[in-house]
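Chains: A, B, C, D, E and F, in written order; residue numbering restarts at 1 for each.
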Amino acid sequence: MCLGIPGQIVEITDEARLMAMADVSGVQREVSLAPVSDRPLADLVGEWVLIHVGFAMAVIDEHEAAETLEALRGLGEAQEALEAMEQGARAFDEPVRENAQ
Amino acid sequence: MCLGIPGQIVEITDEARLMAMADVSGVQREVSLAPVSDRPLADLVGEWVLIHVGFAMAVIDEHEAAETLEALRGLGEAQEALEAMEQGARAFDEPVRENAQ
Amino acid sequence: MNMPSKPSRLRGERVTLAHGGGGRAMRDLIEEVFTGVFRPESGEDQARLSSDALQVPGARLAFTTDSYVVTPVEFPGGDIGKLAVCGTVNDLAVGGAQPLWLSASFIIEEGCEIALLHRIVASMAREAEAAGVKIVTGDTKVVEKGSCDTVFITTSGVGVIPPGRDLGAVHIRPGDVAIVNGVLGDHGATILAARGDLALSAPLQSDCQALGHLMAAVAGACPNLRAARDATRGGLASALNEMAEAANVSVELDEASLPLRPEVKGMCEILGLDPLYLANEGALVLFVPEAEADAALATMRALPSGRAAVIVGRATERGSVPVRMTSAFGGTRIVDMLVGEQLPRIC
Amino acid sequence: MNMPSKPSRLRGERVTLAHGGGGRAMRDLIEEVFTGVFRPESGEDQARLSSDALQVPGARLAFTTDSYVVTPVEFPGGDIGKLAVCGTVNDLAVGGAQPLWLSASFIIEEGCEIALLHRIVASMAREAEAAGVKIVTGDTKVVEKGSCDTVFITTSGVGVIPPGRDLGAVHIRPGDVAIVNGVLGDHGATILAARGDLALSAPLQSDCQALGHLMAAVAGACPNLRAARDATRGGLASALNEMAEAANVSVELDEASLPLRPEVKGMCEILGLDPLYLANEGALVLFVPEAEADAALATMRALPSGRAAVIVGRATERGSVPVRMTSAFGGTRIVDMLVGEQLPRIC
Amino acid sequence: MRYVEEFRDPKAAKGVLAAIARVACEIGATREEPVRIMEICGGHTHAIFRYGLDKLVHEGIEFIHGPGCPVCVLPMSRVDECVEIAERPGVIFTTFGDAMRVPGSRKSLMQAKADGCDIRMVYSPLDALELARRNPDREVVFFGLGFETTTPSTALTIQQAARERIGNFTVFCNHITVPPPIKALLDDPHMKLDGFVGPGHVSMVIGIHPYDFIARDYGKPIVVAGFEPLDLLQSVLMVLEQIRDGRAEVENQYARVVPEHGNPVSLAAIAEVYEERPSFEWRGLGEIDASGLRIREAYRAYDAEAKFGIGYAVVRAKVDEPEGCACGAVMTGRIKPTACPQFGRGCTPDMPLGALMVSSEGACAAYWTYGGARVASETEPAE
Amino acid sequence: MRYVEEFRDPKAAKGVLAAIARVACEIGATREEPVRIMEICGGHTHAIFRYGLDKLVHEGIEFIHGPGCPVCVLPMSRVDECVEIAERPGVIFTTFGDAMRVPGSRKSLMQAKADGCDIRMVYSPLDALELARRNPDREVVFFGLGFETTTPSTALTIQQAARERIGNFTVFCNHITVPPPIKALLDDPHMKLDGFVGPGHVSMVIGIHPYDFIARDYGKPIVVAGFEPLDLLQSVLMVLEQIRDGRAEVENQYARVVPEHGNPVSLAAIAEVYEERPSFEWRGLGEIDASGLRIREAYRAYDAEAKFGIGYAVVRAKVDEPEGCACGAVMTGRIKPTACPQFGRGCTPDMPLGALMVSSEGACAAYWTYGGARVASETEPAE
């Protein structure tokens, strides 16, 4: 639970205290990198992290995100195709019906 | 120096702490009787005291006050009498002068 | 609609920041405490007003404002709400206007008792009715605990100045007499005592009262009424100094004529204060030509708010100082404007 | 006269209680900081005003008031003085009045920098001039340190409603469209960031602006303009709820059409806030019949304050709730009035 | 907004909704006999109502709102203890905004603030620590609140305070853990649940395996989900597919954020600073064994309970929940908010009885704000 | 008001004024060769101007204003020390209103309050002690200021605090004594004085004999006087009569209040709590030997100088008086306020350089407020 929001690390602000500036849609806030400090801090600049109560709790996995999105878009496209087919079927039907009225 | 004002002790409010209510023209304030506590507190009720920064600093001597006033009033009356005499003298003079004008 | 202003919704509570947040709690507070009493006619956030008096050719509109910040907000003889109505009515009245409409804007401290607001608003409604004005629009803001002192009220007033009337200190001429309507210093002394820091108590009441009816009567009785001022902050001394400067005259005051209660004198003696600088909330000073002084006095004394009216001095050609006073003892002294507030002189 | 308002008398100083005491220090403060800039015409404590517009038969006077208590008092895009002028001008304007005159009453905390007051007053003068209104009367009070938050300003406004014009939420009919003049939430988000407690920074500016010219233009272009509200405290959501309740209609909002800056969205995501409830100080929502919507949009977009004008919803027959919104995602949800202020939702 | 907007794409939503409908039909879910899926997390409850997902999904899906709102589960006694600390002279009491309106038996923190307590809303426990640095003559207390998502932040803050030897900072620890109440729910014979949407941000810290028991021991599907509407819909679909396929597994829809084994730094910080409490009180549920955390002896200087002699440091006062409130039943999904006899009557957002009515993640608040509460409140309560 | 109104009777005034005129003529006092009488006490200076006595008395009488205003003689350095104490965290600094506007080298107490210090005006040191009782977590300091009139009140308050063992109350002691500066004046060969009006309220405490040296050693008349205008006029008359009769005595005009030997309780309290300082700084006069009091070792716990390590407890900073100010000369009656080059120019009540311009007992303030200051300020300074 608890609100988390993706943000991008733009700058290390205090290496000793593991603090960095994060950017969320142009809004900036200093966050602690402590939870993700098991990798070199410098590597985190430019990364997207999941921010919760002022801590970067996780580095967002770009690859996993893309896969999830792909699956979702696939479902969307499949549905669009289906709807197009149904529409086609109706379009094929409809003149007949309209004539019938 | 230092502002002092006569007030009347109307009630002992805290015997242990030597506190009493004083009245100055209908304005009441709790004051310390410590400086005048070499006489019995109860005797002070009804007395006029000289109040300074919340302490009754002196009991006002009614007799001395009357004497001072008497001397002052004496000077006033003497002056009035003198002025009356001068006035009389002038009144006596003036018609003459007025006629002279 | 969702339970609009059930009385129970607010009763016995204190104001929280939620009451200022623009939502339902604010609406409930406003409906129950304010608009339920003042009953403004417009549902929009502005009053829409018409008055025949304003349509008379040559009539002018008078507009004034004051903020009220008194501590404590309730005191003998009044409360901040009564002050806020009377003070603004008086600023209209002493300028020669007929007071018609008031606005009332409240800044409320988080934690303020709602029951207190009810009392203040009731007092405002009462005073407004007595003064013949309507409170037609308002506002409330709630600020964090410690960001204001219980409640501040700002009232603005709109009135109509009849054609041809033009009161102003600039019209005062040497020879005019200065009249006050009643005792001086009661408000200032009452607040000093009510504040409690000096542990003084006195059977005093603020003189807080509306002076619209009094001013209307005097203006009717004295065709050459020059000017009037309510002697509020800074007291009679400051009002007279300002008027003398504006008129380029001097004013000679007579100490023996000043109407002062014994308790006010007592308070001033204890604290080393000068009653001429104590604030009033129902006292005014006006200037009329000597020839109209009796009419002014008679008219004022016929009204409750002018019962103790008395001549306290007169204007003279401009001398070296604006205001001078002859003491009962015989000497004279300058009555200057103070720099700031009078502070107790004790040691 | 004794050295009236030499610039050096106050420069570089802070306000002390002496500046509120009714004496010379107060007079210097008022002359140098306030009346020196606002230049009221009357030397008395009231403005005396005439206007031809008020003499037109059927014209009504509009009167409104608001107190301004923002923290911090200066913020990107404005300050409390600009707010105090724009906010009251807007309350007159959205009711259909031509704003003419303002009063301005200041409650100042002991210790307030005089340079800050200078800046605030200059900003008020600038805004008033741009909005075509005059600040004609005022007041100052000084309260003890800790008894107010730097400075509070209450402005009241007087304007004239031309004969025949009657805007009001009660006139909204099903089918009318709701139009906003620009982006939403900028003021609320700017203040949240400027306050500093949440340590957020964003390149945002308050939308604080006067809307008198915009309203005049729309009222001219749309003979059947129903009503307008500035969407201040409580944001668009509260304004629409109030209007829907007053008109006994429902309003259907379209989330996708809401004009929001990315930074405002970002701030809302971080803090779990809903931008519909963020305060605005230069945004209004108005209702016109569908037939006049294009005229309204074209008129608004021709003005700087209406450049981003857009239809955000429409009135329908009254349903079970006053305001409902269709999300971009497809679902619908109620847009209720909040109880109090929105609080950050974090954990 | 990257990683946000993409997961709100309406076109994709149509596809997932259609897929959900198909699977729901396949498994015979109907309005009368719905598949009952519990979203454990209050954040998910909030998203469901904000996006109207409950009305978008096939009518054979019923969302059951779980106990995963850390504010909602706060018992009155715990709020009372907050107020008591805040009332101590010299204290600056810091809290997330979420907890401000939660009713205690005497007052909420909002009311305590109005009454003069110095209570400040912060965005982060680090901001509270900064307040302590800047006010060395004051005692700064942070109201540590939340499930495993939030626990690392207070643990790391306490470690930072210890490193800097800051002596005027303590945490009033109310951290709780997700698994115990879920287990309690599953053990309740009256509770019928077909699957779970798991709390993604909790798993970001603890990984997905702590939920193994749900699948393994109780045979229920669970999908750890993200918080955007597409995340939720996809997770629902994944639960339905497990049901259709007769599987009961722990799946991870939110792999972009949730590592299988969670976050090692955070877990280490939690383990160093905190330990299990024997039991902890939940609103409407009473004491639940091993459901809360407390500060270890080594960090006792940062424990507000110890410093102020309050809460579990002493014998706690017994505070009854208000008469007729059904918070416990609503919180565990046994009844809907509208079935609480107080809903819309004795309990509204302006005069709440339970935290569920004021937390923005609370089911009662959600029903009131987004869900046609007013219609509901005009009907008689269901029970 | 009893004991007040009677002593303001205009009829009696006429008599005294006439008698003064008569005696002045008898001894040949003229405007050009006036009898120079110093009123030592600032309270007398205030009364002279408030009632316009200087203009009422015979032109052969010149009032010379003495150094007896405890606020006026405060050096800037001492005000600076007040501000420094008030700026310490947790301090409530209490003072009589009189001292609020006195300029320090950085700021006055009024300005320090505006800058955020917690400075409160009280009527009595007992009120400061009460503040200490009510604010046990704060440190309450009372600015003990004044001559012998006021000294007993702080001594008695300190004794009370000690009896109650109140640990958060101290006095910043600035009590001074009247005789030393008078002796210094009399030793000044440039100073021509014919007699003194003595401070009645000081004598109410110390009696009249401490002035014996004035009559005995310097051959000058002195009359201890009350504060109403008739008291003052009568005392002037008594001084003139001594001059006429060739006497030099200590007389007591104010016998209704002043006992010959003063007040024994007050004297005992002073002796127990205070002791002479080796020297004390006066504004414009510098250090004067044995002119001030300090708190004895036994009451050290109540000494703000000791507690805050300030003032004479440490090495004091040297603070120069402002350039061109003539405070010392005005205070000792060597020149009139209007002769100060700063009067009405660099120094006005709104922007004072010296305390004499802001104390209501200060000669400069009196000249400005009551004495036609504005006329004077338009003329060139006399020197």
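Criterion: contacts are C-beta pairs under 8 Å (C-beta built on N, C-alpha and C of every residue); 3 or more make two chains touch, one makes a residue touch a chain.
What you see is a predicted model, and the numbers here were worked out from it, not measured in a lab.
Farthest from chain C, judged by the mean position of CA atoms in each chain, is A.
Farthest from chain D, judged by the mean position of CA atoms in each chain, is B. More contacting C-beta pairs link the chains of A-E than the other of the two pairs A-E and C-E. Centre-to-centre spacing of chain B and chain C amounts to 37 Å, using the average Cα coordinate of each chain. Here the CA centre of chain D is 56 Å from the CA centre of chain F.
Computed from the mean C-alpha positions, the centre of chain B lies at a distance of 78 Å from the centre of chain E. Residue positions of chain D touching 2 or more other chains, listed in rising order: 16-18, 24-25, 198-200, 262, 265-266, 269-270, 272, 338-340, 345-347. Across the assembly, chain A contributes 1-3, 5, 24-25, 29, 53 as residues in contact with two or more other chains. Under the contact definition stated at the top, the residues of chain F that touch 2 or more other chains are 1, 4, 13-14, 70, 96, 101, 123-124, 127, 146, 149-150, 349-350, 361, 374.
Under the contact rule stated at the top, the pairs of chains that touch are A-D, A-E, B-C, B-F, C-D, C-E, C-F, D-E, D-F, E-F. Across the complex, chain A meets chain E through its residues 1-6, 8, 17, 24-25, 29, 32, 34-38, 48, 50, 52-55, 57-58, 60-62, 64-65, 67-69, 71-80, 82-83. Contacts from chain C toward chain F in the complex involve residues 197-200, 262, 265-266, 269-272, 320-321, 327-334, 336, 338-340, 343-347. Interface residues of chain F, counted against chain E in their complex, comprise 89-90, 137.
Residue ranges of chain F in contact with chain B, taken from their complex: 1-4, 6-7, 9, 11-16, 18-19, 41-43, 68-70, 96, 123-127, 146-147, 149-150, 152-153, 156, 160, 199, 201-202, 204-205, 227, 230-231, 234, 253, 255-259, 263-266, 269, 361. The touching residues of chain C, counted against chain B in their complex, run 193, 198-203, 262-263, 265-267, 269-270, 272, 345-347.
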